[in-house]
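What follows is a group of structures, each given as structure tokens.
Each of the two complexes below includes chain A, the first together with chain B, the second together with chain C.
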Partner chain A sequence: MDYQHQTIMDLRKQLDDGTCTSEELFQTALDLAKKYQESDNSFVTITPEFKQKKSQSLLNGIPYGLKDNFSTANILTTASSNILKDYIPPYDATVYKKLKQSGAVLVGKTTLDELAMGGTGTTAHTGVVRNPWDEQRLIGGSSAGSAACVARGIVPFAIGSDTGDSIRKPAAFGGIVGFKPTYGRISRYGLFAFASSLDHVGTLTRCVEDAAIVTDVLKGKDPLDMTSLENEDLNYYEHLHDDIKGRKLFYFKETCDLENYSAEDEEVIAVLTKFHELLDRLRKEGFEIEGISFGKDLLNAIYPSYMTISCAEATSNNANLTGIQFGPRGEGSSIEEIMFDARTKGFSELIKRRFILGSYILQKENQERLFLNAGRVRRLIVDRMNKLFETYDGLIMPASGGIAPKFGERSDELSERYLLLENHLALGNFGGFPSITLPMGFLHGMPLGINLTGRIKEDGVVLTMAQKIEDVAGYRGIVAGDQNV
Partner chain B sequence: MYKVVIGLEVHCEVKTKTKNFSNSINTYSTVPNEHVSTVDLGLPGILPVPNKEAVRKALKTAMALNCKNPDEVIFDRKNYFYPDLPKGYQITQVTKPCGIQGYLDIFVGEEEKRVYIHQLHLEEDTASLEHFANYSLIDYNRSGIPLMEIVTEPCISSADEAVSFLEALRNIFLYCGVSEARSDKGQMRCDVNISLMKEGDTKLGTKVEMKNINAFTSVRAAIEYEIKRQSEILDQGGTIKQETRRIDEDGKTYSMREKVDAIDYKYFIEPNIPPVKLTPEYLDEIRKEIPVLEFARIKKYQNDFGLSFYDATVLAKDRGIADYFEEVIQEGAEPIDAASWVMTVVLGTLNKLEIPLTELFITPKMLAGVLRLIRQDKISLNHGKKIIYQAIEEKKDPLVIIEENHIEQIKDDQLILQHVQKAIEENPEQVRQYIEEGKDYVKNFFVGKVMQATNRQADPKVTLELIIQELEKRKANEGK
Partner chain C sequence: MIEKEKLQDYARKLMFEMSDEEYTTLQKEFDIILKQMDLIGKIPNISEVQPMTFPFVTYQQQLREDEEAQEGVLVVSEVLKNVKHEVSNQVKVPKVVE
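The block that comes next holds the complex of A and B.
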């Protein structure tokens, strides 16, 4: 088997029996990174120096990519924004520290949508990230480079961040596994904040097993992150093959029942057909799956509530980017002018629009109506989910209503139902629920993803169920260019 | 004449080992940017971790100010852009401050006054800026130092009241051990809001704000100047502008900026700090650490110990002195004795020898012992003072000094009589002068002789009585 198809455990075996060395793996990854940089643009920075601290971890010697919004001491960290284009942090994010200690080898810092805001992978200051399955198409974002470098087979895993769907959506478009564990399971210390109450750290891999292995390394209480969860004894990797018989799943009838769509929603119908076919096969394996009515109003409220909360928090979180402490110094005769100039030049239009929205949302006269109401809606949605989790072990949904769009074709002028199917993943961020996306098939030669969201803190259960889904679906370890049916 | 309405906003740095949300050391330093971490610089990706000790001290101070405490600790973000605020927001408390609706009873002169506290909250200090001709420098040492802000209701009506309140408040900080509250280090700073209204008016006048005044004397000067300035404007039928002013070294205030609209700080709850519930047990534990405070002690010293207001105030001013004084009484000394000896002898000696109270050698028990001997006339006042001085200077138990030097007064009449008789026998000329020439003052000569012979330990009163008795006896015998 070639390097590009190998999972962490495949590489582990080779390293352990001496068939290859970690230096060789790194060199292979590095060559691939360089080879595909022009077409994919997965990396902001490729780190050409082999640096490894040996350990007993399963990740010892394994190459990986790290999203460029994790602080890495002495390595450029740009968050794909002009305002940070020369920023070299003096400290390590907890995630990066843990990966170094585990002996994993960094290949590069991956491209993202500027400041992790946006879901297309097209807004980085270094240009668009292209989908390795079809370079006419985007891969989605914001963890665009992390998804692309894993889908391409440059590295077996990459680290991403997920505020609305930023790991799970690009994973779906790239035919890989994107896992966002429970809020607080992995420390956010050193992750450039987008919306603190929604931000999660997670993994992009080519199989569920690798998601479990990497999460086992990254999870744990961090004294530097007050929202991080207490350590738990459970090892996810060891419990992947636990019995799932009798596990109960639900989906939203409003968005998943075929009768709700008309013939012109061709792509959605194709997606849903594959989805229901897979559900039938899962039922045969012991899952109990049924559709429930979540409430149209609540579903409709997910996206606007998400935008309201995330823009507001983002405005405040990025108020440190003024060119005073770091970053390009603006020009002007007063301190206001200097900061104004730095921010005007440093951010793209999309970012500025979100900051202005966020600022508007937080204004005294709007806060109650917009920010606080969005928080209340969030609470209603989470309460409803928790109520359902009393009966069900997980929510199973198509990760999106279609395949990765072509550049420029994606617009908001899609049907209402399509929008709902595109934007439900933020549910996982609202409640901090563990949520995983994995490949469920192909349409027009492009991968499609299925998403599973479980009870808070039950990351192990979600991974075990996902392992079963992966076994049934049969798309473990695929790489861009593979035969697709 | 106008009615003056003043509200104060007092900032006080909390004494802790580390800063409010980072591991940097919380200390005053003249070397710029010495105690700075990634968190204090607001670098991308940092997260705040609140300092438990700072929260505890803020809750404690709120209790000392008779405030209500919240059911849980949460923080909010105050969003604004300024170069001394690296994150672009300050972590503070708006939703649930550490204390609300409190009061502090103070003395203004000898008058009692209750100052109402609107709230006390915990926040982080900003960096400090130093401005030069065409550039400014930022020192992040101060960035993130825990800061308590105490906001009074607009219930203060004079410079005297304002300064008395500030002094009483500083005293609370010191008594509770929550801050050094040194104005010269900028650890205690004050914003003054002042407005004037006509007698009988119900609507408050236009408010003028004066920011960041360190010294209490400047607070007084600023208020007095503003009262004068605003009165003159109103007398001439003018109107007061709502503005922020600063006080200069000349004691005058100058306009900094006019306030058109209040700034919208877009407060919202800090999402990185989950709420922490406060249990009644935890709050009780803190409450138990609060000592009896200055105001209560002044009243107690007057009412229970019969001290003058002045003496009570001097003794209660410093918790160490007040505790010492009270312990001397507990060791059996009369309050009046304890008060005067602590204030004059003990403190005088410490001052003279430049020894801090914390290093005072003589214990309350030792002092009470000496005071008892004086009460019993076993040693004289003068001796007592000298012994205390020596004890403090040489770090020696005063009772041991007394014993070693045989300083206790000779009260034994028979013993003194022997000395008196001897002196009379040895000095017939002086006896003659007394009897024949009626020279009364000769008796003092004999007192001196006896004192000389007894190493000044003879009780002078008894000695004089015995001398007169013996001389008169001889005079009577002569006449026979």
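The block that comes next holds the complex of A and C.
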């Protein structure tokens, strides 16, 4: 088997039996990163120097990519924004520190939507990230480069962040596995904040097993992140093959029942047909799966509530980007003029629009109607989910209503397809629920993802159920360009 | 449609400028976003719900020990490496007080 198809455990075996060395793996990954940089644009920075601390971890010697919004001491960290284009952090994010201690080897810092605020992978200051399955299509974002470099087979895993669906959506469009564990399971220290109450750290891999292995290394209480969860004596990797018989799942009938769509929604119908076919196969393996009515009003309100909360938090979180303490210094004769110039030149148009929206939401006259109401919707949704989790072990849904869009294609942003099928994953962030996307099939040669969301702190149960889904779906370890999938 | 002057006022408070063309795009975007946001208000009895600001309830954290706090302290000289104008270990900016 070639390097690009190998999982962490495949590589581990070769490293342990001496078939290859970590230097050789790094060199292979580096060559691939350079080879595909022009077509995919996965990386902001490729780190050409082999640096490794040896350890007993399963990740010892394994190459990986790290999203460029995690602080790495002495390595350029831009968040794909002009306002940080020359920023070299003085400290390490906890995630990076843990990966160094585990002996994993950094290949590069991956491209994202500017400041992680976007879902297309098209807004980085270094250009668009293209989908390795079809260069005419986007891979989704914001963890675009992390998804693309794993889908391409450059590295077996990459780290991402997820505020609305920024790991799980690009994973779906790239035919890989994207896992966002429970809020606080992995420390956020050193992750550039987008919307602190929704930000999660997670993994992009080509199989569920690798997601478990990497999460085992990264999880744990961090004194530098007061929201990180207490250590639990759990090893997700060891429990992946636990019995799932009798596990109960639900899906939203409003979104997934075929009779809700007309014949012209051809793509959605094709996706849902594949979804229901897979559910039938999962039922045969012991899952109990039912459709439930969640309420269209609540489902339609997920996306606008997400936009309201995230833009408001982002506006405040990014107020420190002034070009004075770091970033390109603006021109002017006063501090105000300097900041104005730096922020005007440093942010792209999209980011400015998001900030203005955030500011609008936070104006005194709009707070009650928008900001507080969004928080109220958030509570209603999370309460309803927690009530359902008293009966069910997980929510199972298509990750998207279609394949990765072509560049320039626009959705009708007021349509129910857009509001319900393209943006429902944010409810995983509202409640901090562990949530994973994995491949469920193909349409027009492009991958489709299925998503599973479970109870808070039950990351192990979600991974075990996902392992079974992966076994049944049969798309473990695929790489862009694979035939006969 | 939301007035351009209002948007300009928000941009000024956020300390950046935008072009006329960008404001036109933003006005159109606001039209869609405000329609989407109307969906939030349509939920029955929404005003009676307590807003949620955090994913789930966590217990009160204990204050950390000083030794651990020391661990995360940044070295001034390292921090100042990113500053474009630095004098005597301080960030240099135009005079604030005449």
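Everything below uses one rule, namely that the second predicted complex is superposed on the first by the 476 of 485 C-alpha atoms of A that agree within 3 Å, B and C clash if a C-alpha of one lies under 4 Å from a C-alpha of the other, contacts with A are read in each partner's own complex, and residues count from 1 in each chain.
Note that in this section a residue touches a chain if its C-beta (ideal position, glycine included) is under 8 Å from a C-beta of that chain, and two chains touch if they have at least 3 such contacts.
Quick caveat, the model's predicted, so the values are computed rather than measured.
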| item | value |
| --- | --- |
| Touched partner set for A:Phe192, first chain B, second chain C, both or neither | first |
| Contacts of A:Gly432 with chain B and chain C, given as first, second, both or neither | second |
| Touching partner for A:Ala93 - first (chain B), second (chain C), both, neither | first |
| First, second, both or neither for A:Thr344, with chain B first and chain C second | second |
| Chain B versus chain C as contact partner of A:Ser359, first or second or both or neither | both |
| In the superposition, chain B vs chain C on chain A residues touched | C |
| Contacts of A:Met9 with chain B and chain C, given as first, second, both or neither | neither |
| Partner chain in contact with A:Phe326 - chain B first, chain C second, else both or neither | both |
| Chain B versus chain C as contact partner of A:Phe70, first or second or both or neither | first |
| First, second, both or neither for A:Glu336, with chain B first and chain C second | both |
| Touching both chain B and chain C, residues of chain A | 87, 90-91, 189, 197, 223-224, 226-227, 315, 322, 324-326, 335-336, 339, 359, 363 |
| Residue ranges of chain C touching chain A (in the complex, touch as defined) | 7, 10-11, 13-18, 22, 25-26, 29-30, 32-33, 35-37, 39-44, 46-47, 49-56, 58, 61, 64, 68, 71-72, 74-75, 78-79, 81-85, 91, 93-94, 96 |
| Chain B-facing residues of chain A, complex | 69-71, 77, 79, 84, 87, 89-91, 93, 188-193, 196-197, 223-227, 312-313, 315-316, 318-322, 324-326, 335-336, 339, 359, 362-364, 367, 371 |
| Complex contacts: residues of chain A adjacent to chain C | 86-88, 90-91, 183-184, 189, 197-198, 223-224, 226-227, 297-298, 300-301, 303-305, 307-308, 315, 322, 324-329, 332-336, 338-340, 343-344, 347, 349, 352-353, 355-357, 359-360, 363, 369-370, 372-380, 382, 413-414, 419, 429-432, 456 |
| Chain B residues within the chain A interface of the complex | 38, 41-50, 77, 79, 81-83, 86-89, 138, 264, 266, 268, 271-274 |
